[in-house]
Amino acid sequence: MNTAHTPALSQDSSTARPLGVAAIGYAFMGKAHSNAWRNVASFFDVPAFEQKVLVGRDATQVAEAAAKYGWAESATDWREVIERDDIHVIDICAPGWMHAEIAVAALEAGKHVLVEKPLANTLAEAELMTAAAAKARARGVQSMIGFNYRRVPALALARELIVEGRLGTVRHVRAAYLQDWLSDAESPMTWRLRKETAGSGALGDIASHAIDQVLFLLGDAVTEVTGRLQTFVDHRPGEAGLEEVTVDDAAWATLTLTSGAIASVEVSRVATGQKNSLKLEIYGDKGTILFDLEALNELGFLDATVPVREQGFRRILVNEPEHPYLEAWWPQGHIIGWEHTFTHQVRDFLLAIQDGTQPSPSFEEGLNVQHVLAAIEESAAAKSSLIQLSSTTEGA
Amino acid sequence: MNTAHTPALSQDSSTARPLGVAAIGYAFMGKAHSNAWRNVASFFDVPAFEQKVLVGRDATQVAEAAAKYGWAESATDWREVIERDDIHVIDICAPGWMHAEIAVAALEAGKHVLVEKPLANTLAEAELMTAAAAKARARGVQSMIGFNYRRVPALALARELIVEGRLGTVRHVRAAYLQDWLSDAESPMTWRLRKETAGSGALGDIASHAIDQVLFLLGDAVTEVTGRLQTFVDHRPGEAGLEEVTVDDAAWATLTLTSGAIASVEVSRVATGQKNSLKLEIYGDKGTILFDLEALNELGFLDATVPVREQGFRRILVNEPEHPYLEAWWPQGHIIGWEHTFTHQVRDFLLAIQDGTQPSPSFEEGLNVQHVLAAIEESAAAKSSLIQLSSTTEGA
Amino acid sequence: MNTAHTPALSQDSSTARPLGVAAIGYAFMGKAHSNAWRNVASFFDVPAFEQKVLVGRDATQVAEAAAKYGWAESATDWREVIERDDIHVIDICAPGWMHAEIAVAALEAGKHVLVEKPLANTLAEAELMTAAAAKARARGVQSMIGFNYRRVPALALARELIVEGRLGTVRHVRAAYLQDWLSDAESPMTWRLRKETAGSGALGDIASHAIDQVLFLLGDAVTEVTGRLQTFVDHRPGEAGLEEVTVDDAAWATLTLTSGAIASVEVSRVATGQKNSLKLEIYGDKGTILFDLEALNELGFLDATVPVREQGFRRILVNEPEHPYLEAWWPQGHIIGWEHTFTHQVRDFLLAIQDGTQPSPSFEEGLNVQHVLAAIEESAAAKSSLIQLSSTTEGA
Amino acid sequence: MNTAHTPALSQDSSTARPLGVAAIGYAFMGKAHSNAWRNVASFFDVPAFEQKVLVGRDATQVAEAAAKYGWAESATDWREVIERDDIHVIDICAPGWMHAEIAVAALEAGKHVLVEKPLANTLAEAELMTAAAAKARARGVQSMIGFNYRRVPALALARELIVEGRLGTVRHVRAAYLQDWLSDAESPMTWRLRKETAGSGALGDIASHAIDQVLFLLGDAVTEVTGRLQTFVDHRPGEAGLEEVTVDDAAWATLTLTSGAIASVEVSRVATGQKNSLKLEIYGDKGTILFDLEALNELGFLDATVPVREQGFRRILVNEPEHPYLEAWWPQGHIIGWEHTFTHQVRDFLLAIQDGTQPSPSFEEGLNVQHVLAAIEESAAAKSSLIQLSSTTEGA
C-alpha cells in the first residue's frame, strides 16, 4: 500500500476539497445508495462530496446507470477506481461474495468504506474485513456496514426512549421479518436459493436485519442461541427442470442477551400477504415498543408508568421536527419512504468521516450479527440445541 | 290516579320487597332489555327486583318469548299490567308511536318508566311525556330514556376525561353513524321506510344516538343547526310493486353548541361495509378523543400536553377494573359486547330508583334530542339554512 | 358403579325430562360457566335443562354465588351431588388438581362431564381421565374439555375457511398469547407461581390455548417440538418475605406438524401492555389468516388468489347472520364479548348430548395438548433440543 | 408576444434538445418541486430536460437554494427568465397572489406552465389564467395545476377501481382534511391568517385538495353546495399585541354532484393530533374505498360483491409493480413517501408535453375547484343556505 494515498481524511469542512465517491454495483442496492448520494446534500448539512464514479461489470449498462443515477463517470474495473487519488469513499453495493476482496483492498488503499449488509458470505471473510477495518481506523480511515434500518426515524426514536430508560428493564423481544415473494411454489430457481451463492436464505437476508435491530435497540450482546431452519418448497423450476433449493425459506431462533433478556426471531419469505414486514416488539417492565416496517413512519409506545385508566399503545407518527432526521425533510405529517433511510445513512457516514469518528454500525457490529447467524445455523444442525457464543457480540 | 298505587318508591334495600318489573315489547329491543334484566343482578349490586311480566300483542308469541327471556308471566294488555300493584317498573320497548300513551299512563299510575329511544315519534308527544315525567318525579317516580351508548364503558370514560379537563376547550366534534343494511337497492320496502310509521329514516334512528353523545360528552346544548336529508334509493320493491321511500337514507347536520363548539353529524344506512359504526371524534385544545362502536372496548385518546416527541393516539383497551362498569365483569382484556350497555343501563336505573334520584338521561334530555332532530328537518326543508333553536337544549 | 345411574342419556327433545346440571366451582371460571348456563336457552335451541346445583367448599359463599348466578341450590360436597339421580351433567370449574378425581367419579356415575382446561395438572391424571371418558362414551355418556376459544365465531370461521382450502397448503403458523398481569415485579407471590400447585406458569395456563388452536385450526397433530422456558422475576414478595417463583413467566416453542407445517408458539405474562392477546397468524400458499383475541369480533383474511393489484388483508367483522353462532345474537355490527364463547360451548355440549355424539374437543384432544406441553418442558430441560412425540397428537 | 418564442413544443424524444426548466419559489413547495425535478429522470423515462434556473427575490438565498436543490443557476427577476429562449417550462411555486401574473406571462411567452394549487387567490385571476391556458393550448403550449395528491398511487388506484365500476353507483362521499398546526391558541399571527394575504384559511389551503379528490375520483361535477366557516381562535399574538384572525380555522360543506351523489367536506387546522390527515371515504352500492394521507401507501377497499361471510375492508399495501407509478421505485413493501407524488406529477407533466396532450388536472379543473370554494364562502355568508353553481364544474 502506498501511504501517499492515505492522508488524514477527517474533513475540515471550511477548507477541504470535496470527497470523491465511487459506488460499486447498480442493481437494487446500487440504485438505493445512488439515490441517497444524489439527495443527501439537498436536505442535510454534510461535507462536500462528488458522485464521481459508478462501477459495474457491463460497460454499457453501467454507463447508462451512471447517467441515470447522477454519477459523473462509469467504470468497469473496481481495482483501478480504488487506486484513484480523487476517490476517497468506496460504497460497496456488489453481491456479498465480493465484499471482502473489495473492502479490504479499499481500506488498504486508504478509502473510507461503506458496505452493504451482510458483511460477507462467510465468517472467515467477515473476520478478515473486520481486521482490515481496525487497522484502517487507526489511520483515520472509516468503515461502516449498511444496516440502514437503524436510520428509520421511528427506530432511532425507539433507541432514544430505551436509552432514556422509558421501557425500564427489557424482559423479552419479539422480532420477525416476514415477506412473501417466495410464497408461490412455481416461482423459479435463482442464485438466491442456492447455498453456494447465497450462503443462506431468509436467515442471512432478513434475519440479519432483525438481529441487528435487537442488538442496536437494546445495546446488548448475544450469549447463546437456539435455531431452526426450514425449506418448505424444496424444489423449484430451473432452466433444466426442477432444481433443489438448498437454503431456508424460514428460520426461527431464540437469543439470550447478556442482560438476561430473551429475543425470539422469526423470519420467512413465504409469509403470504406480508410484503416487507419487519416487526419488532420490545417488552420492558415500564413500557413497550412496537414497530412494523410496512408503516415505518409510526412507532407504537406504551408507557406503563401512566395511570392504568389511561394506558394504551400510542401510535406516534414519527414525522415531527422533534424526531430524529425529520427536521430536514417536510412539515409534520408528510411521511417519508423506505429509501430515506439510506439518505440518513450516507449523512451519518459523511459526518463521521468529517469528525474523524467511527461511524456506527461498524464492521465489528456486522461481524457480531454474522456470529449470531452462524450460531443459529449450528444450533439448527444440532437439533436446535442451545449454542453458546464463544465471544459475546456487543451492540452499539 | 289512585295514590294508593304510588307509595314513595325509593328503596331501602335492606327491607324493601322486590321491585316488580314489566317489559312491553319482545322484538329486537325487547330481547336486549330482557337480557339486561336477566343478568344485571349476577354482576352488579342492585335493589331486589323480579322479572314479572312480558307484554306483547300476540298471546302465543309473547308467552314463548317470556319463557325464553326469563319473565315469570306474559300478558297482552299493557293497561292491565300497569294497574297491577305488584308492578313497580315499566320498561317500554314497543314501537315509537306507542311510547307516549304507555309512558304517560304508567307514570300517572306511579310506575317508574324506562323508555327506548327515540322518546316519541312527534315533538308534541315527547313534550307530553316530559311533562308527565316532571309531575311524576315530584312524587318520587323516576323515568329514563334508553340512550344505552352512554353506558359503553369507553364513552363513560371519555365523559370522565372531558369533565376532568383533559381535552381542554373542545373546538369541534365529528360524529357519524354509518350502517349499510339499506345499501342494496333491492332490499324491500318496510314500515321503517315510510314517514307515517317511522317518522324519519336514518335521522331519527341513528342520528339521535350521535346527537345524544355530543350532548352527553360535552355536557352542552345546541343553539342552532343546519341540516340536509337525502334519499338515494327512492323506490323499493313492495308487495304490490315499487313503492316510494318517504324517509331519508342519509342525513348531514352541523350543530352550534352554547360553548361555541361546532359538531358535524353525518349518518347513513347505505354506507356499504359499515355495519354499526358510530364514530366520534372530539377535538379540544389539549387533547382529542376517538371512538368507534364497532370496536366498543377501545378508546382513542391523544394527550397534547405530553411532549410532542412522544405524542400519539393511544388505543386504550377499556377493560380494566379502573374503568367504568368493568370491575363487575371479567379480568382485564376479556372484552364485553354490545348488549352489556343495556345491563349497565338497567343497573343505573335501579340504583337511581333506590336512591330516589333522577336517572340520566331524563325525558327532558330525550326531548332535547328531539328538538335538534326537528330543527335539522326544518333546516333541510329550508335549503339547509341555519335554524335557531328557540330554547337551548341542555346536556347532562 | 351402579348401572342404574347410567341410563342411555341421549335426549329426545320432545319427551325428555330436563337435564339437571351441577357446576363445581364459582370463582372466575365458575362465574363464566354459570353465565353461559343462565343465558344459553335465551338465544339457542337447546335441550331442556335446569341449573340445579352450584358446588363449592364454603357453604355461605357458595350459597350466595348460587343465588347470584341463577342456580336453584348450593352444596359443599361434590361426591353427593354426582350421586343424585336428578343431576345428569357435571361442569367442573374447580382447580386443575381436582379435575381428575371429580371427572372420573362423575363419568363412572354416568354423568356427562364438561371440564375446564387444562385437562389435569399431570399427564398421568390426564390419561386416567381420558380412559374414563372412553369407557363412558361407550355407554352414551359424553365428555368435553373447555377450550372455549374454539367457539369464538371468528376462529370457527377461520376453521371453516381452512377446511374449504382457502389457505391452500399451510406452511407456518405464528401463535402467541401475551398478557401482562405479572409485569410488575412487586406483584405478590400466589399459588399460581408455585410449581407444586400450578404445574407450570404461562405454559400450561395460556400456551395450552395457543396450542389447541394450532391443532384445531389445522386439524393436525404434533410430531416434534423444541421449547424454552424463562422466569424473569424469580422472587416475589410473599407473606413472609421474598419467595422463589418456580414456574415460567414466558415460554417459546416450535412445533412440527404431521403435514410438515411448523408453528411457533410464544407466550408471556410479562408482556407489558398486552392484556389478553392471543394472536394467531396462519400462512398458507393461497391465503393467510390473522386473529387477535383482544378484537375477537374480527378476522383478518388475505386471499392470495385474487389479482395482486387488489390483494390485501381484510378485516372481516364476524358479526353477520352468515357467521358461526351469530344468527342467535344481535343484528350485524352489534359485537359480542368474551363470555359468549362459553355460551356457545354449552350450546354445543348440550346438542351433542341430545344427539348422542362426541362433543369436541374431547378429553383425548385435551390430552394431546398436555403431551405437547410436557414435550416442551422436556425440551426446555434438554437445552431446547428437538423432542419427538412418542405418539402423534391428532387434532379435531 | 413574440411568436418566435413559441415553436411547436411537443417533443420528439429522439431528436429534441433538452427542455429547459425554471422554477419560481424555493420555500416549502419550491423544495418539494425541486426534489421532483432532481429525481424524476432517475426513476422514469421522461423527455430530456435540464434544471436551469431557480428564481427568488433574495439573491443570496436563492443562489444557496439553487445549489442545494440541483439548479444550474439562480435569478431574481422572473420576467427575464420567462423571456429566455433556453427556458421552455415554468414551474410556479410562488405565493398564490403571484400566480396569475406569472402564469399568464409565461403562457403568452410560449412556456409550458405548472402552477401550484390553488390556481389563484381570486376567481377573477383564476379565470384570466384559464383563458390564457386555453389560448396557449391551441398553440401546443401545455399547462397544469399541481393537485399532487392525484398522483398518490393509492388514489390513482382508487380512481381506476371506480372507473372500472367496482364501487357501482356512488351514493355519498366523506372527505375530510384535518391538521393541528393551529391548535395552540398561542401560535402567533402570520400572513396565512389574514384574509387579504391568504384569501381564506383551511378552506382554500386544504379543502381545495379534498374537493379536487372528490371531482377526480368520481369524475363528476358539483351543482350545489352548503357551507359553514368557523374561526375558533379569533385573536392571536402578533408583533404588536393581539391581532384579529380573519380567515377560517375550520370549514364544513356538502356538495351535490351531477350524478346525484352527495359529498361532505370537513376541514380543520385545529384538529389536535391529526397531522396531515386527508381522509376519503367513497360509498357505492357495490363497494367502498377508504384512504388516509397519513398512511398514503395503503388503500382500504371493500368489495360488496363477494359473499357476505368473507366481506371486509381490505388494507391494500399499494406497493406492487402492478400499481400506478410503483414499478419505477422499489420492490414490493418498500414504501414511498409524500414527496414522491411530486415526482409523479412532474413525470406526467413531461410526458404530456412530449405527447402534445393536455396534462391533467388542467387550469379549468383548478378553476372548478375555485368555483366550489367560492360557493362555499357564499353559502357560509348566507346562513349556510344551499347555493346553486351557475355552471357545473366538471371533473377529469
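Labels A, B, C and D are assigned to the chains in the order they are written; within every chain, residues are numbered from 1.
Convention: a residue touches a chain if its C-beta (ideal position, glycine included) is under 8 Å from a C-beta of that chain, and two chains touch if they have at least 3 such contacts.
All figures in this text were calculated on a predicted structure; none of them were measured in a lab.
K.L.:
When contacts are scored as defined above, which chain pair ends up with more C-beta pairs, A-C or A-D?
P.N.:
A-C
K.L.:
Of all chains present, which has the mean Cα position farthest from that of subunit D?
P.N.:
C
K.L.:
I'd like the Å distance between the centres of subunit A and subunit B, where a centre is the mean of that chain's Cα atoms.
P.N.:
Averaging C-alpha atoms per chain gives centres 56 Å apart.
K.L.:
Rounded to the nearest whole Å, what is the centre-to-centre distance of subunit A and subunit C, using the mean of the C-alpha atoms as each centre?
P.N.:
43
K.L.:
CA centre of subunit A versus CA centre of subunit D: separation in Å?
P.N.:
36
K.L.:
Which residues does subunit A have that touch at least 2 chains other than itself?
P.N.:
In subunit A, 274, 311-313, 317 touch at least two other chains.
K.L.:
Please name which positions on subunit C make contact with subunit A in the complex.
P.N.:
Residues 171-172, 174, 176, 183-185, 226, 228, 230, 232, 249-250, 252, 254, 260, 262, 264, 266, 268, 270-274, 281, 283-288, 302, 304, 311-313, 382-386.
K.L.:
In the complex formed with subunit D, which residues of subunit A make contact?
P.N.:
28, 32, 34-35, 38-39, 41-42, 68-70, 179, 181, 274-277, 293-297, 317, 319, 329-340
K.L.:
Help me check something: in the complex, which residues belonging to subunit B touch subunit A?
P.N.:
157, 161, 299, 301, 303, 307-317, 320, 322-323
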